[in-house]
Structure formats: structure tokens, C-alpha cells
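The following pair of complexes shares a single chain, chain A, combined with chain B in the former and chain C in the latter.
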Partner chain A sequence: MRKRKDIITSTGVTVHQKPLKLRIWNNRGYYLMFLPVFIFVIIMNYWPMLGVRYAFYDYKPVGEPSWVGLAHFTKMFSTTAFWVAFRNTLELSIMRLLISTFASVVVSVFLNEMGNLMAKKVLQTIIYLPHFMSWAVVASIFSLLLSPSSTGMVNGWLKDLGILARDQAGIYFLADTKLWRPIFYIINTWKETGWGTIIFLATLSGINPELYEAADIDGASRMQKIRYVTLPALNNTIITVLILNLAKVMNMFEPIFVLYNNAVYSVSDVIATYIYRQTFAIALPNYGYSTATGLFRSLVGGALVLICNQISKKTRGRGII
Partner chain B sequence: MKSKKIKTFDVVNYIVFILIGLMVLVPIWKVLVDSFNAVGVYQFRLWPDKFTLDGYKTILHTKLLYKPFINSVITTLAGTLFGLMLSTLAGYTLAQDSLPGRNFFAYVLLFTMIFSGGMIPEYLVMKKLHLVNSMWILVFKHGVNVYNFVLMKNFFEGIPGSLYEAAKIDGCTPMGIFFRIVLPLSKAALASIGLMFAVTVWNDYANVKIYITDPDQVNFQYKLRNMIMDGDTPPTGYNVSQTTLFNSGIIMAILPFMLLYPFLQKYFVKGVNVGAVKE
Partner chain C sequence: MKKKLICMLLTAAAAASLTACGGDGSNDSPSASDSSNAAAEQTSSNGAADASAEDSSEGGYKLDKIVMVVDGTLTASVDNGQAELEKQWEEAVGVDLEIQQLDHSGYIDAVGRLFASGDYPDVMIMPADMFAQYLPTGLLWDMTEAYDNADFQKRMLLPEINEALKVKGGGRLYGFAPTYGNGCVTYVKKAWLDALDINADDIKTYDDYYNMLLRFHNEDPDGNGVNGDTYGVVAAGFVGNEAPYINYLPEFWQDAYPGILQGEDGVWYDGFQTEETRAALLRLQQAYAEGAIDPETLTASTKIAREKWFSNDQTGSSGVFTYWAGRWYQTLTDSFVKNDVDAELVQLPPIQEVGAYINREAPVWVIIDDGDGDNSREQAIFDAFFETMMDGDVVQTLWTYGAEDVHWSIHAEEFSTNADDPDKRKDYSYEEGVFHLRPSINDPNSMWTKNLFDPNLVVCELTNGYGDPSELMAAGNKFFAENSKDAPMSPVSETYTNESGTLYDAKLAVITEVVIKGGDVDAAMQTYVSTVGGTIDQCLSELNGQ
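After this line comes the complex of A and B, so read on.
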């Protein structure tokens, strides 16, 4: 006979655990409640996983799928556009992660120094705002501001300042391979810096005030206190934010998708947008090829999540998933 | 000497933050003013040169523009309700420590955060489900959000276990505990996660672009970007300048959350902190 496990309830009473069958029956209400969740996750998340097999088939809008083995992967790995997209994915998402995390840390540290609580609150309210705007809206706003037409604010200002001649055509910022990336980072910083401060401000509010008092007694200046008390306190949070976001590197899609155009594919195309165009924007799509690229993206993305999860367990004692 | 130094720091700090505030607000204010301005100018104005409501009137009277707005409202409401229903059910079940199979369920959910079928297999499944070219796809796509399920579970785990046990001893069923104890105690969590669902559905552009081509089914974000960046302005029958119309569209697209935001800011912020700090 199997030994029954003893369990201790929250009230401290020790009870013998009932047999599994009985426990399942007793919990039938919970299973019933989980059922809809289970069904929808199976349909929306697991069913598509079966479609991954098309990565090994030729699958065109007309005709039956036919087995091609690893042909799509060989083709993919010898396609320049794919490698450009892969490199761009890493470069763009890591750069934007570093830039906006840095900006958020700086803003939170100095926001934390602000003595006037009212002013602090107003400023927080303002800088959180852009986060709630969709990427489509943000892209629309900036495409109007950066427009080369007569109503584009930035080009108008450049003319007012004499940097551009009055009769010169405006700069088409979003279609210039040299300017697209800096503009992309600026827009990202504009949209997400404020929201990124929330997590750092939460950490800062937890710093023991005695640390600052001790620094005061030692005669530390404001900058020294920031350097030796505030910033070290943020180390763990910064690592957490970086790990959490590093796991999502392969996900980058919408920010690029709404801002790029065919003039700047070389500097802006990422894996997800590459897949999109291979499927929906060419005359004779081969779903097999796009599925293969998608499978590559899922696998690299999944590996990143697992790696970041391990790093997270090592550095801060708990995983991210 | 020392107090002077502190003053310089504060002054610089305030000036820097006024500049940061302006950098955020200038683009938004420019759009707002231009949406009421009958003449398109590049200059930044605090007030419209020639006040007009034509931009907004055009949107409210042109079917190809107001239909997407209505679609956005419908899908956002439905998506939020559906998402909240699934996430509360999932969170509640997974928060039961002693439930046999709980870990299995958790793994079923967590695995989807590691691996996904990808764009094409998902598209093919949606096609089989007749969700392609239907705005309801937004409800299902965003309602089934495993990350939010886990957030909800974290919130529910904050409810003391003795409350459940007391209710069980009083003969309350799981469903009864859920409706009488868990949900009433979780209003803040419901608000936070509900808002997260609402923002995601309302703001979606990519899924519309991928799955929907029928102009009757697209949402407002899609129509807006399509109009401004792809030059697809529908014939309106109004004599309104393009700049005015575009800017009015942007304001319409951000209006719901800008109106709610000052009142609900704390719920928005709470969602982030539970997601990142506690979990």
C-alpha cells in the first residue's frame, strides 16, 4: 500500500491526504472552470504548432503541399535578405533596449531627486502618456512631424534655422538609410522611456533612507549620493529589465512594421517583417518557405527565453517564465 | 556654500525635466492644435490659426472612417471581457495549490511562451476557423494571453488561503468562492489587467494588417495609418485639408485612453509592478 502524504493546512492542522481519484473528483469544479481556458489555448496556441510541418513542404496557394525536406532551410541560409533581416533584428532590438533602459534609469534617478511631490507626479503623468499610444499612431504622428512636405514641422524648423535652404526640398527622414535608425531609436525613446521608469522608481522608493542619512553624515554631495547609494541599488533591477527584454528580442515586429518602407529595407527589415513580406507581399508566395523562416524565428526566440530564464535563475534566484 | 550647491542642482534638475516634459508634449500638442486648424502649417502653434471642426465631422460622417472606429470600440469591449473571463478562470485554477494536475496545466500555458507556431501556421488555422477577414479575430488573438493569465494568478495568490478554506468548510463550491470571494477582492487586479487587454486590442495594427483586408472589418488604428502613411484617404465629400483630417484621426485614435488615463493611472502602473517586480 502506498504511503499517504501528510499535508499541513494554513491553519496548522495536519491531515492525511485523500487518494488521487477522490481528490480529482472533489476538485471537479476547478477542472470545469479551467476547461474554457484549456480549449482556447489549445486552439489558439497549440493547433498552429502542428502547421510547423509545412516548413518541410512546398506549399503554394494553389496545388497540394509536397515534401521537400530541408530545401527551404538551405535556401533561407543562402539568402542575403534573410541574413540582413536576422542581423537587423539583433542590432535594432538590442540597441533600442540599451538606449531606452539607459534613458529610463537616468530619468528615474533624477526624478527621484525631485523634492516637489506635485511636480514629480505631474511629470510622471506626462512621460507615461506616449506608452498608451499604439505604434500605428506614433508612426503617424512622427511621419507628419518629419514629413518632407510644407507642413512637416522638423523640416520647417531646419529651414527657419538656415540649415536647409528655403527652396530646397525637405529631408525625407523615414526613407533615408542613414537617418532611419537614429530616428527609430529616438521614436522608441520618446514612446517608452517614461513607462520604463516605473519599475526603477519602484525600486528607488524601497531604498532604506538611513543609507542617505549615513551619506549625509559623511558629507556626501547630491551627485555622490546618486553615485554611491542610488545607482548601486538599481543594479539588480537593471539586470532584470535587460534579461526580461533580451528574451523578447526575436519578437520585434510592429514598431518596425509601421515605420519602415521599401527605401530602407537594408537597415530596417527584421525577421518578422521579412516573413510577412515573403507571405503577403509577393506575387507567388511559398507558405513552406515562410513557415521555415517562422520556425527558425520561434526556435531562436524560444532558446533566448530559456537562456534568459537560466541567467535570471542564477543572478536573481528566480526565473522569468 | 553647501546650500547654494543644492540649489543649483535643483534648478538644473527642474529645467531638464521641463525640457523632457516639453519633448513629450510638443508632438502631442502639435497634433491636437493641427486637428482643429483649417490651415496646414509646419510651425508649432499653441492655438489654431483658423478654428474648424471639419476634420472630426469628416470622420464622423464618412463610413469608411467611422465604421473602423465602431469596430475598434466593439472589439475592445469584447476582447477585454473575454480576456478577463479567461484570465480570471486560469488564474483562479492555477492559484489552487492542492489541485491535482495544477503543474501540468501551468506547463501547458508556459510552453506557449517559449514556442509558437509562427505567422503562417497561425494564419492557416485562423482561416480554417473562418476568422480571417473578421474583426472577431482580434478578440480571440488578444483574449488568449498567457502572460496576463500568469499575472492574474499572481494577484490571486495574494488572497490569504485561509479565506478559501473557511469558505470551503462553509460548503461553498469552487464557483461560489470564485464569484463571492475572489472576484470582489480583486477589483484592482481586474481593473489593471482589464486595462492591459483593452489597450492591446484597441492599439492593434499588425494583426489587422495580416488577417483583414475587408474595409468593413478593419479597426481604426489600421485605417488611420493606412490613410496617413499609405496615402489611402477615402473620398469624404468634405472640403477639409488633409493635414486637418489626419491630425483629427490621430486624436480620435488616442482619445479614449487619454480621457480615462488621468483617472486610471494607478491601475495602469500597478499592472507593471506586479508583472515585473513581484513575479
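After this line comes the complex of A and C, so read on.
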């Protein structure tokens, strides 16, 4: 006879758990409702994963896929361009994440402190707007502003201010390996900071006003209230946002793709753009190699998720997955 | 327990994904199964050449439908009268035609995805580079006999174009070029020459050319009162990503050819590692540093470079632009007119160091082989598609000018372009029976110029007398024909096919290091050799049969 499992409820009552089949039958309505979602996820999210097998094949648009074992991985790990892209992916993503999170927190606190409600709403709207522009449009705008030719606005200002001589060639901001990354971070911060403030503002609105009143009674200044009330209240949210975004660092493609060029590959090429060029820039691409690179990227991304989860457990006492 | 369950599930998923490879190849990878079989399945499934439709009346094969894949060179696009073109073609040939027009800039990629998903067309266009890479795959039908015995041979004007393609195919013809390749010539703004009192006839050497560029940059050719806000020349990159690579800046590249090419002795070598390329890079370096080249050349696409050149605001523009000959002479001129900019252009004869502009390898049309060992279907496609394409009359006119009474007409009519603008308005009036082109459908203020073929480039002439009505286009083609030489043949090598992306990246790294950053050319070349030298050696070894 099968042993029934006992469970203890939150109130400390011990109950006997019913068999699985019976539980499913009792909740059949819920399972029925869940079924379409389950099928959708299996077909759309898991079934395509079977394609990872091509990482071990030579797979071209024409001809039979042929087993090559770990050849693509051997080639990948011995290619300098791949490691450059791997390093850039981590550096660019993590720096971008830290900068944009920091900027979002600062702007959120600033908005939270604003007394004029109308000004606050106007400012919020203004800083949200760039998020809704596509990266292609953003890249076009900044390419025009930063153009090294005589029509480039920023170079024009530098000449007007005397920083550059009139007859001096303009600075090619987007083609300079020293300037490309700072420019990228600035553009990214301009575009995404506003959107990033939403979650922090929501947290700030939930802080108990009595904490501020108590601080007032204690004679705290505005800066002291920010330091001792607001920021501690944001801590958990900041960590959650950082951890959730850290899991996505390997996925960066679009902002790089629209802003980079061959002069700055050494500091801008990421794994996704590397895969893109290896796949779409040649007439008869080997999808096997692209898949191997993509698989490696996914494994690193998965590992980051697990690491983040561990960090979360240690810092917050609970994981995120 | 939960962790164990998750581990087991993940392991099972990974195992399932890998064991899925272990089965019968014909079952587990239908999307990329044997090209021939896949093509056969495809043509059978879409009914393009239904086996049940065999017609024994002539011992041949009756086609119901032809699926054609084409890039942006077919100007009769969906919003520009393609449906009418299809309809008239079907009426003339008696076979259903399905045109699949793919995005021009992403054509190579889109075709790869099409093949990988098992959607094989019957006929398709391939640029020369792409053709070279698909040649060894067995996907392309050997049309040598069909071509040699074709009716259009009687009207053949330029047999050498397709004979050269036979050489590439080891004596067999796997792709038909209905036109010659065409190439780029250097255009100079006449107004800028006049403003600086420069005579185009005096530009004969690189020094003359370079001095002209410097004057365009340092003086005030656009007459806005500011020196130094214009440039000498603009281009879409310092080097192209497809053969012949150097056609947008030929005066700087001169006798250098930054690709793998075959020497006169028949031996293949890497033209990028030659002294000629080093010298060209130094010329580009100097020109970039001195403002002779618009710095945005590094990142500009062809569209951006073009639009910058004929922009309404000439500040930041350039005096020189090397671009396609023939039809583009007319199109560029029209674009200047549209933007209210002085439209007169000078076609600069090649400077001494260049000698001749490069006629690129012609794009070809191929038939996808169904691999069933029976050529009747492919022969039927050749007869229906290629023979009529060069019939000298109705169908060739469709491919050359588009649909009758849509893109062109011989009926009496009157129309105007820019009817609302008295300064630009142009009236046209034609009598009955006179061949003429009509306004473009998606831009009624511009005249239609051609469809798929430039009438001056085709290998077989039109016999119905519908000659090219554009004087500039004809003049452009004549100028190019008199001042061009054929591009080197593209290499056919498996390693080159696999690594062409990596090789291109390595070349770009050298070019940007030297030209943009002013780096040492020898050091940059050393990096190139250490990065891809082994791959290049492997390509050369395959090409030279070692």
C-alpha cells in the first residue's frame, strides 16, 4: 500500500495529501485552462530548442547536415574575434547595467523629492519618451549629431567654442575606440533612464510616510531623509532589478548593431553581432557555427542566472527563480 | 527532490535534442536534406513543375508554373506594376509565373534562409560572388547544352560574357548572364568645377584628381561663402564587401585588388597582401587625413552616400562620386533636378593610373536542379524562361522595360511630370505607334527608365526597335563600354566560402587601422597575416589544386 504524504500547513496543522491523480482530477478545470498555455510554451519555446543539435553539425543552406562533433567549438575558442566579442559583451552589458540603474535611482529620488506635481509629471513624460524611439531612429539621430563632417552639430559646437580649430577635422566620435564606449553609455542612459525609473518610483510611493514624519521630528535634513529613509527602502528593488537584468547581459544586440562600425569592432563587437556577421554576411553561411556560438552564449547566460540566484539568496534571503 | 527532478528534466531535454540527430538523415533534417532531393520535393509540392503534367506531345515536359526569386534589380516591384508584368508574361508564355522579390540589401541572407527551409525556386538571380559559392554545391543545373542550342544564339551580341562563365564552371555553364556586369564611373559636379575654374579635361593623372579633391575641400565650390565645409569625394565604404571591391574609389585603389585573384600565370594569390594594396592604403590614409575624402565614407551606406551627394543642402557634400554607369547617370541627374541642385554631371574618363573602370562579373540567372537525373523539367524551364527572356521581342521587352501600357506604351498620349511646379514641369506628347516610357507608378514625377535589364547591356538585342529613349542612359553606357575592363574572376573554394566573413572583417581591420587611425601599414598587414594568414593559405592551396 502506498504511503500518503503528510504536509504541515502554515498554521501548523498536519493534513494528509491526496494522491496526485486525485488532485489533478479535483482541479481539472484549472488544468484544462492551463493546457493551451502549456502546449503553446512547449511548441513555441521548447520545441525550437531541438535546433541546438546543429551546433555539432556542418549545416549550410544547401546539402545534408554532417556531424562534426565539437569542431565548431574548437574553431570558436581558437578565434580571436570571438573572444574579443565575448569580453565586449560582458564589459558593455555590465557597465551599461550599472550606469543605467544608478541613473534611474538618482532620477527617481530626484522626482520623488519634487514638490511641484505638474513639473514632476511633465519631467517624467519627457524622460520616458526616448524609450519609445526605436534604436534605429536613435542611432540615426546621434549619427547626425556626432557626424565628423562639416554638418555635425557637436563638432560645430566644439569649433564655435574654440575647442577645435576652424580648419581642424571634426572628431569621429563613433569611429574612435576611446570615445565609442562613453558615447554608447551616454546614448543608452539618455534612452533608457526614464523607463528605468518607473519601478523605483513605484517603490518610493510605497514607503510609509510615517518614516519621513519620524525623521522630521528627529530633525533630519532632506539629504539625511534620502540617505536614511529613501535609499534603504530602495535597496531590495535595486538588487532585484540588477539581478534580473544581469541575467540578460548576453542578449545585447540591437543598440550595438545600429551604432557600431568596423573601426570600433575591438571595443564594440558583441557575441550577437559576431554571430550576425558570421551568418548573414556570407553567401553560404554555416548555421552550425552560428548555432554553436549561440549555444555557448545561452549557456553563459544560464550560468549567470544561476549565479544571480545564489547572490540573491545570500543578499535577500530568497532566490528569484 | 525538486532539484533532482529539474536536473532529470534538463538532462532528458538535452538528451532528446541530441538523440534527435542520430536518426535517419532523411527524416531528421528535411529542411536541409540533400539539395537535389529537397529541390525535387519542393517543386513537386508547390506544383511549380507537377510531374502529372508531363506532356508527351513533344517528348518534353509541360510546365504549369515557374517560381522565380529576384532581388531589387527588378524595378517593377509590387508597388510598381509587378502584377501587370506577371500577367503579361503569363499571357505571352502560357505558364503561370510567381515572382518572389526579396529585399535587395539582404538578398544573400534571405536566399540562404529560403534554401534552409526547403523552399527552392525554379529560377533565380545570383550576384557573381554568390554564384561562385553555390557553384560547387550541385544545386545549379548544368545548362551548357540548352544554352548552346538556344534560339537566341542567332541574336547573340556578346557571347564572351557567358563563355567566361563556362570557364568558371570548368567548361560547363551553370548560370546564364543576360547582360554584362556593368560597373562604376566617376561623376563630377560640373557646377563645382566651374566655380573653381577647373577643366575636367585636365584631370588625367592621380595628382590632377587629388588636387581637384583638395580644392573641393579647401575652397568654396558650393558658393556658400565658407571654405572647408565641403569634401572631395564620398563613397559607401573604403572597400566593398562584394567583388569587385574597389569600384567606389578606383582612383585610390588603382592597380590594387584587395581580394583573392588569379595571376596571368594562372596561380591564385591574395591581392590584399601586395605592395599595390599597401600603396593604395597610404593614398587613402593621406586623403582621409587631408579631408579629400568625406570622413563619413567609413560608415555610409550607398543610399546615404548618394543622398548626401545630391542633397538639397550642398554643405557637407562632395564634388565627386563614383557610382554605377548607364541608368544611374540619368537617375543621379534626375535626383539633382528634384532637389533643385545644378544637375549637370561630368563623367570623368579613367585617370592614367586607373586605366579603365572595372566591369564587374555579371549577375547570372540559374535553374535549380531537382536532382532526379532527368533534365526534361529543367530544359522546359530553360525554354519557357530563358529562351523567352532573350526572344528579342515581347518577353524581352517585358524584362527590359516592363508591362505594356503600364511602364511603357506605343499609343498616342500626353502627360506631364511635376505638373504643379512651373519650374520643373515637363510635358510629354507622343503620337500613335511611337515607343515611349511612361511616368513611374510610385513616383509620377519621375519617368520610368527600365525594368530588369538595362537595354544597352543585354547580350541579345531587341529586334522590335524599342530602343533606349534616355540619352543620358545611352551616353553613360557608351562611356562605360569605351572605358572599362573586366573584373578578375571570383574564387571558388570551400574554405573561402566558409571564411569569407572572417576574411572581410580582417581586411576592414587593416583598412580602418591605416586609413582612419593613421596606423602603420606594415604593422597592420602583419596583424592581418597573423589573424587570417592560415585561412588565406588554405584557400590558395585549394584554388591552386595543391
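Following the convention adopted for this analysis, the second predicted complex is superposed on the first by the 252 of 321 C-alpha atoms of A that agree within 3 Å, B and C clash if a C-alpha of one lies under 4 Å from a C-alpha of the other, contacts with A are read in each partner's own complex, and residues count from 1 in each chain.
Here is the rule we use: contacts are C-beta pairs under 8 Å (C-beta built on N, C-alpha and C of every residue); 3 or more make two chains touch, one makes a residue touch a chain.
Values in this document were obtained by computation on a predicted structure and should not be read as measured data.
Colleague: Let me test your reading of the model: by the given contact rule, A:253 touches which partner, first (chain B), second (chain C), both or neither?
Modeller: In the superposition, A:253 touches chain B alone.
Colleague: For A:133, using the defined touch cut-off, is the partner it touches chain B, chain C, both, or neither? Pick first, second, both or neither.
Modeller: After superposition on chain A, A:133 lies in contact with chain B alone.
Colleague: Considering only touches as defined above, state whether A:234 meets chain B (first), chain C (second), both or neither.
Modeller: In the superposed model, A:234 contacts neither chain B nor chain C.
Colleague: Looking at A:279 after the superposition, I want to know if it touches chain B, chain C, both of them or none. Which is it: first, second, both, neither?
Modeller: It touches chain B and chain C both.
Colleague: Mind telling me which of the two, chain B or chain C, contacts the most residues of chain A?
Modeller: B
Colleague: Could you say whether A:150 touches chain B, chain C, both of them, or neither, answering first, second, both or neither?
Modeller: In the superposition, A:150 touches chain B and chain C alike.
Colleague: Is A:287 contacted by the first partner chain B, the second partner chain C, both or neither?
Modeller: Both chain B and chain C are touched by A:287.
Colleague: For A:141, select first, second, both or neither according to whether it touches chain B, chain C, the two together, or no partner.
Modeller: After superposition on chain A, A:141 lies in contact with chain B alone.
Colleague: Touching A:52, do we find chain B (first), chain C (second), both, or neither?
Modeller: The answer is both, since A:52 touches chain B and chain C.
Colleague: Looking at the overlay, what does A:306 touch: chain B (first), chain C (second), both, or neither?
Modeller: First partner only, chain B.
Colleague: Based on the A-chain superposition described above, do chain B and chain C contact any of the same residues on chain A, and if so which?
Modeller: Dual-contact residues (chain A): 46, 49-50, 52, 143, 150-151, 279-280, 287.
Colleague: Looking at the complex, which residues from chain A come into contact with chain C?
Modeller: 46, 49-50, 52-53, 56-57, 59-65, 67, 79-81, 143, 147-151, 166-167, 169-170, 172, 174-175, 261-263, 265, 277-287
Colleague: For chain C, which residues count as touching chain A in their complex?
Modeller: Per the touch definition, chain C meets chain A at residues 13, 16-18, 20-21, 25, 29, 32-35, 106, 108-109, 111-116, 129-130, 133-134, 137-139, 228-231, 241, 289, 291, 294-296, 298-299, 313, 315-316, 497-498, 500-502, 504-505, 508-509, 511-512, 516-517, 531.
Colleague: Mind listing the chain A positions that touch chain B in their complex?
Modeller: 7, 9-11, 20, 23-24, 27, 29-31, 33-34, 36-38, 40-41, 43-52, 54, 107, 110-111, 113-115, 119, 122-123, 125-130, 132-137, 139-145, 150-153, 155-157, 190, 194-195, 198-199, 202-203, 221-223, 240-241, 244, 253-254, 257-258, 272, 275-276, 279-280, 287, 290-291, 294-295, 297-299, 301-302, 305-306, 321
Colleague: In the complex of these two chains, what residues of chain B are touching chain A?
Modeller: Contacts found on chain B: 5-6, 9-10, 13-14, 16-17, 20-21, 23-25, 27-28, 30-31, 34, 40-44, 85-86, 89-90, 92-93, 96, 98-101, 105, 108-110, 112-125, 129, 140-141, 143-144, 146, 149, 160-162, 165, 173-175, 178, 199, 202-206, 209-210, 221-222, 224-225, 228-229, 243, 246-247, 249-250, 253-254, 257-258, 261-262, 265, 268-269, 272-273, 276-277.
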